[in-house]
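Both of the next two complexes hold chain A, though its partner changes from chain B to chain C.
Moving on, here comes the complex of A and B:
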């Protein structure tokens, strides 16, 4: 493996890592806030991609501009998920029941998309998707650069919201101790509803970039969810920065395996990494919370 | 059937003096099981003309056995395992590889390999369990998913598994008219054995230890339960029937693939077990059977009726949401709770509305 190939694998890994971080951020946020696993995350990414597809193909709206419509729509879906279903679960069996409910969401989303678009693969199109920047020996596709920048901005925004605003403080409080947060005047239900909405909204933005870089069909979500879960677990549940770091690390490792060995084995990196890390740090790389209570 | 843990009157210490009614009650409680088995055994006579329904019935039985086995671990211990397709796939590959490499002739001699599929699955479950059971809660769920994908990747990429093309099993020359029926009875035997195993575990000290872990693992350990050993034993026990079910599945289909829908390593299988278990009522004996019967039959029928245009997914998902919202505990515990409430009301006692249902849950 040449030095150039290695550098290229690293650059690729960083850029695609940004896209994956954007898709995983919502999962991590919902995980941390609600203590639930959103199996529908993959399907929601694909839904975001199809929303962008409809806007750009049928209405001629630019992909990034279209996010002003798709992200609020996805936000609405998240609010519906929390208000209509998650809120009604008992704390005791929320984890297991949430898997069932979000799975039902996933298959309904897949069913609607299949009904509307069929099972053929679609791709997003825009002038910047096939152009690239040439630096030294490397070609950097514009869409990856834009996607990476957007990931950094959005995740930075989430970070600020989480740690620098009153809403974020309430969120973290209700995450640590629901009853105590209630007592000091945090509207826990509203906070959680908004947090899930924001998580799903960001996923919509991730879906647009995913659709612009990869061909997708209604059942592409299942491929994604396992990788996204790996990223979130490795980064530590509820940690946005952890999601970013672990996404970049995993994608670099996967790219190097793909270049040095064989692309078919690169997926193994995700799962081998989880096993390795969790054997030594059950709370993930950046997770602070103990997970030893069953 | 009264099968809630800890509520069986026959085993309660105070039941001794009333041994006579307790025995009668136990025999009565067995009645639905006997009726269900009789119906299952006679089903092919009624449906023999319709091979489509017969093949659905075989799939239903394969799922019934798998969910019952999954329930032995996940239902009793409370650990949500989403990677049992590892054992299903291993069993499927085991029978295909054994038949290919040992040149076993098609027919009953290949069927005789099925117990070995269980052994393979059980052996694989030991290291998998040792790794996964280090973690709890969400992390355990995700670790089992991760291990599943590792196995799927291995099955796709290793040389001896035939890659993405999979493996053909020896051609089975059974006539169409008996093909489905024979597989039906093979699968039915597995279901009966698995349910018996599940029942035996539930009645045993070992089962109590598992349920103690489900209620509070740290306290159970404090009381002297060797938690890792108990959890691992249950994990291995629950893997064995799933491996055999995978073997039946592979031989029934005649060929196996490592990935894709209907393949040996299908992530939807992982989810399906959990869905069926929760729908019927996790931790009960009849719940998983009912869940598998309802969901698998419904899904196959919907797929047949609406083909692949996505409508069946929407119906399936929506029905599923409705059931979860109406019966969050699953069908069997909810119905059992209602029945008990109704009986108590009839006998003149006024039960506390919440306690009647809550007493059933655990």
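Moving on, here comes the complex of A and C:
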């Protein structure tokens, strides 16, 4: 592998890592706050892509501008799901039951999207999707640059909200100990509801960038979920910064394997990460223990 | 008296048995004939699965207008396998073992046809299909599998021959062969690579992409960095080709020739994914196209467009493959005067040449269609035209080198 190819693989890994971080952050947040493993995360990414598609194709709204509509819409969906279903799961078996209930969400989302859009592939279009900037010897696709910048801004914003605001303190308190948080006056139900809403809202933004870089159909979410889980497990459930760092790390590793060795082995990086982290550091690189210590 | 009653009972039972064995044709009644099919209505192959469903339904509708099969109205029983190799096995067990469907048609993709064919063979049913052309489908030596489409291993040979036939001064010098890990794509590339290498076209990239890949950026950029004159992409679907097209545009890389094993044949869905204009110059091997001059093909296309909209160019080749399955089974049922699967299998192995919207169908000993040859198609000004073999009836001149990307 030439030096240029190595640098190219690292650049690709960093830029696509940003897109994956956006898609995984919601999954991490929802688990961190509610101990819910959201199997529907991939389906929600695709739902976000279709919302952007509708705004772009039928109303002519720019993809990034359209996020002003899709992110609140996805936030509303998250709030509704938490209020309607997640909250009603018993604390004792919440995690295991959440797999079943979120799998049902995934099937419902896929079914509704199939009814509305059929099974043909769609892709988001905008002038900046095929354009790129030439820096040194490399072409950097504009859509990935914009997506990466948006990931930094959105995830940075979430980080500030968690660690510099009263809501964030309440959120972290309810994450550590629900009863204690209740006792000190935190409205745990409301906090959790908003957190799930935020998680699903951010997923909507990730869905837009995914749809702008990959052709998708209602079923495409299933291909994503294993990678997103690997990112969240490596980064640490509940850690937004961890999701960003692990997404970039895993994508760089996968891209180097694909370029230097064989693309067919690149998927192994994700599964190896799950295996190693669960064996040796179950809380992940920036897992819940570290988050709670901050 | 008792003997006579036993004898008359035996006659009644024997007659009933004979009627049942003949598939009910002796009854003269219009009881429906049920054909069981497992299709990928969701999952990775859902776009193709849905197109196959349309193709099968179009054939059933046409055939019912002609009186069905031997006077029996056709009823399709379609179960979804969600693109799962496990579910497809369950489905054919259900369709034949539990539901006792009289005939079955094949699913979509070689990946699902291979496990399904073993199950269907256990029941002694004929398994006529249109999307299981990979060598792995025929490797088990089953006698009940019949693929009406072009054997996939030869798909790219005409294209490779065309590249090799170009004058040395114009002939591409380098080629890249990325392929998805799939039994449909992988057998196609080595024969093409061998022909082109013998003509002096140097291989600069030959690697396999996992079937479940969703992010092709690194692989596509690695290919673009090598700037090969020809890209031969082993793809099973639109997203794979679309990802490479977008990455090539972003990397300002324009190969002289770009052919994909599947994807560009998906009509409107393909154009939508790559962006209008970017499809021009892209090639795909296939056994059929919407503009085929065959009369039955034109009638099918006309009917399809009337029912589902679009233009002839936008009609998915899957439709014709599925329709051809129905046509071949119709001819076998008519020739054997019934629905006896053993007789149908024997008839299809008899060396007879049958007709389909894709062209002639003649099966060899393992069930591959030896009568149909692949044509290479190229998108030219928004129309998918047959271009190779050059000079064949109905073909247009290939655009070489391919036009630049439009965006």
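One rule holds for everything that comes next: the second predicted complex is superposed on the first by the 288 of 294 C-alpha atoms of A that agree within 3 Å, B and C clash if a C-alpha of one lies under 4 Å from a C-alpha of the other, contacts with A are read in each partner's own complex, and residues count from 1 in each chain.
Everything that follows uses one rule, which is that contacts are C-beta pairs under 8 Å (C-beta built on N, C-alpha and C of every residue); 3 or more make two chains touch, one makes a residue touch a chain.
A quick note: this is a predicted structure, and the numbers were derived from the prediction, not measured.
Chemist: Quick check on the chain A-based superposition: chain B and chain C, clash or fit?
Modeler: Overlaying the two structures gives a clash between chain B and chain C.
Chemist: For A:58, decide between first (touching chain B), second (touching chain C), both and neither.
Modeler: Neither chain B nor chain C is touched by A:58.
Chemist: In the superposed arrangement, does A:130 touch chain B (first), chain C (second), both or neither?
Modeler: Second partner only, chain C.
Chemist: One more residue to check, A:264. First (chain B), second (chain C), both or neither?
Modeler: After superposing on A, A:264 lies in contact with both chain B and chain C.
Chemist: According to the stated criteria, A:122 is in contact with first (chain B), second (chain C), both, or neither; which is it?
Modeler: The answer is second: A:122 touches chain C but not chain B.
Chemist: Classify the contacts of A:166 with the two partner chains as first (chain B alone), second (chain C alone), both, or neither.
Modeler: Touch status of A:166: no partner.
Chemist: Once chain A of both complexes is superposed, is A:224 in touch with chain B (first), chain C (second), both, or neither?
Modeler: In the superposition, A:224 contacts chain C only.
Chemist: Is A:12 in contact with chain B, with chain C, with both, or with neither (first, second, both, neither)?
Modeler: Second partner only, chain C.
Chemist: Pick out the stretch of chain C that clashes with chain B after the overlay, from 6-14, 96-104, 150-158 or 204-212.
Modeler: 96-104
Chemist: Overlap of the chain B and chain C footprints on chain A, residue-wise?
Modeler: The answer is residues 110, 114, 119, 218, 222, 262, 264-265, 267 of chain A.
Chemist: Spell out the part of chain B that touches chain A in their complex, as residue ranges.
Modeler: 78-80, 82, 131, 134-139, 141-143, 145-147, 149-150, 153, 156-157, 213, 216-218, 267-268, 271, 274-275, 278, 282, 308-318, 320-321, 324-325, 328
Chemist: Enumerate the contact residues on chain C facing chain A in the complex.
Modeler: Residues of chain C touching chain A: 41-44, 46-47, 49-50, 178, 181, 207-210, 212-215, 217-219, 221-222, 225, 237-239, 242-243, 246-247, 249-252, 266, 268-269, 272-273, 275, 405, 407.
Chemist: How about chain A: which of its residues touch chain B in the complex?
Modeler: 31, 35, 37, 39, 85, 88-90, 93, 95-97, 99-101, 103-108, 110-116, 119, 218, 222, 226, 229-230, 233, 237, 262, 264-265, 267-268, 270-272, 274-275, 278-279, 282, 291-294
Chemist: Under the definition above, what is the set of chain A residues touching chain C in their complex?
Modeler: Against chain C, the touching part of chain A is residues 4-5, 8-9, 12-13, 16, 110, 114, 118-123, 125, 127, 129-132, 139, 141, 144, 213-220, 222-224, 227, 251, 254-255, 258-259, 262-267.
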